[in-house]
């Protein structure tokens, strides 16, 4: 296939061989893990900073203003300046807080989002670990974040934080269902939970085109549920600025707050990249039927660009939602999940199974 | 209803009432004991139907205190001013109208806060603005109120 | 019936959300609609309206003369004591003793820009200045003396 | 206290939170002490007085023209209308005939100010409900009105533009042109408000049926302005006790009977349309003439009591002056609409959720300096 020019598998194997030839296999594995860890940390920081900047610019344009434009050209260093500010800020100690849990909470949140990153295929060959149950792993790990939120709310010894955390608990636990079911709809089509297989099987046609109506509905539901799961947009009840001042992270300051902040954007990135991987074909270029010339041109765009581009579009969608809609109330949030998304989702799975069974897809 | 007609109606309700005219609305001057019964009958008489208490304000005169009630009828659109005289400035007391007009609840708390007029039978007679400060700061809108620090005479 | 209501509810909801998205989407793709001003950069072009109430000033002409007679009407009219007038007596040309202004002290930090001093001035000695960048590090800098040192009363103003 | 917590069963305990004095949705320094049961509001108790400045007491030491700049600072969003009340009270007491030009300009300015106030309310309300973009759209359009004010009055918020007898200075020659431009602009932008917020299904779900107020309750609690009219309480002072040029213009009272949060919202949106209609009828017909009647240098009101009502953006604003014949009033009382509107907050938000409390208190359009005076 044409995109083999961008295949990095051989490069990975070459690195692996090189390391194994100079040291024992155990040390080689440890070195590899360390390299991957450093790369992911860097990636995490860069993506987090970029997304904060992007969000501020996008909401600026939506709101008839220009957004940050003072630090550096077009304000691109604004988030770095903010980050330095957050690093230097005082960590306000809370007297009656449960110190251990209070300090633990931001790490749980940030670790949960980082672990999920491991299973994302960025391009052919750029894949930290290719589980055969990749989707299952991502779902399991990313839902760990709610523990961090609950801990943060509980240990702050603040009434607003507690309400925010409880809201968040109810919200994430119930929206987990919709996320799972909508991904399940897609998995019926693929017959696999392995992310690399899922991407490969979309080589000719992305799922959202291949599975047409049921896939589109599943994508919509996934977007709604995933936005809710990241505590963003119209579903930011856990923070609910105008009701609970800042919800579960009211008492956090400085770098601990930065952790929550970074984790929020990272979760958004994760959710968007899962959507891109499952519904929009991950790093697969856009191919249309037998238009060989067109397909060839598309193949020359590197897979990493495809992947990041798709993720960026989905993130932009989520930001667009956030800056347009008012916030839901907690009972409406649960009504939306249990009375609308869940029944539609179950019906959608049936339709999808029928489509696959009868071969009505492309 | 014109002021003259109102005057006759109210005279029938309360023969001891005095009237002060000259403003655009009729002013009834009554002693403090009559206020609740007058307001009740004003509200309940169908052709008067004063159901809207627009404003309630306390006044500190040199030798007495007074509470002004500005009433409007949302049905007939006529207005009436009641001036209830409290003859003493020491521990003044008057009956509340907050059971007839809910809005009087806050207004009367404000008057208690600033003038020290106590409203009998009020459900919640506390200071409304100055409750956070202290109880012994007195009643600052009285004319004899002294505060060397915050009031600057010019 | 309920099913129809349920489904139409979903579609109506989606349409109403789409309408909102179109409004924000329109502004996102039309950067020409941006209304914010880039303040310190546009300081040169930034011109306040003629009537703008920046601060009270006392215009002086080229001979360092003003119109203030020191009558004290502005001080009397000021609701919060932001004007203080210190007068002195001078001997005029024809040998008479006359009251004149020594210092017209204006406390900008207390001023509420109610315009009563300017409106009540009988000799029109005070006007609004257009200055609006009043931020200083020391509050005492906001106390200004409006008549310039050595200035005298303009001829013909009583 | 601890013992009480330990002995009371958990279901009977109330979870008390302080909303304010520093809280994003109380729009200033208002403090609610909210008793919750889970997310359900059980009791709301407003604590006032954080910015009480004693304006009524200060007025007793000031002359009538000096009072005006203090009324700016009551409901700072409708400075013109508050000034109007004082001017009308003084003019009525002295029986001064103000020039027709002044009457027209005052009416137009009042209506512009009403629109500006409702715009700010709209954007703050959108933000209360979590739609942050509304805030910028509302402020963007409000800037245009503030520019009109600045050109004529010299300031954007606290104008002190009216004096007893007339105006501080004449309007700018551009005033009519700019006002007409603004009306044309805003007629295009107001439907956008509807698309963004009014029609939005989330917004409607959040507001419809929330915090209902019946007509009887509205009258009893003295809830006036758009809040009262949404409940079916016809309380427009401009209609029932016309002042300025309101008897010359044709406009409708924004009127609903449901009385819930959504209709309080709708009433304000309708009022913006009606205000634009009023301005359109007047702006071309401003007569020529003086911008102020001749007044004495020292204004002394004859002995007596004077009450003047005007329709402010938030409701029925009244000023009650008791004069003893001096140049300063003996007693001044401001009947501030927000003070009365606030008093029903406990009634409205009982048994609703904490998010609804934010929606309800936002829909009452409270301005705290007007409550605290």
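Order of writing sets the labels: A, B, C and D. Residues in every chain begin at 1.
The rule we apply is simple: contacts are C-beta pairs under 8 Å (C-beta built on N, C-alpha and C of every residue); 3 or more make two chains touch, one makes a residue touch a chain.
Being a predicted model, the structure only gives us computed values, none of them experimental.
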Path length in the contact graph (chain A to chain B, fewest steps): 2
Pair joined by more contacting C-beta pairs (C-D or A-C): C-D
Rounded to the nearest whole Å, what is the centre-to-centre distance of chain B and chain D, using the mean of the C-alpha atoms as each centre? 24
Whole-Å distance, C-alpha centre of chain A to that of chain C, is 51
Expressed in whole Å, how far the mean CA point of chain B lies from that of chain C is 41
Using the touch definition from the top, which residues of chain B touch two or more other chains? 154
Could you pull out the residues of chain A that touch at least 2 other chains? 62-65, 323-325
Pull out every residue in chain C that's touching 2 or more other chains. 17, 20, 23-24, 35
Interface with chain C, chain A side, in the complex: residues 58, 61-66, 69, 320-321, 323-325, 340
Residue numbers on chain A that touch chain D, as the complex places them: 59, 62-65, 159-160, 163, 167, 234, 236-237, 240-243, 245, 323-332
Under the touch definition given earlier, write down the residues of chain C that touch chain D in their complex. 12-13, 16-17, 19-20, 22-24, 35, 48-53, 77, 79, 112-116, 119, 128
What does chain B use to touch chain D in their complex? 22-25, 27, 51-55, 57, 59-60, 68, 70, 74, 77, 81, 83, 101-103, 105-107, 110, 114, 128-132, 140-141, 154
Going by the contact rule set out above, which residues of chain D touch chain B in the complex? 47-50, 52, 54, 56-57, 61, 92, 217, 219-222, 233-235, 240, 304-307, 309, 316, 318, 320, 322, 330-331, 333, 335, 339-340, 342-344, 372
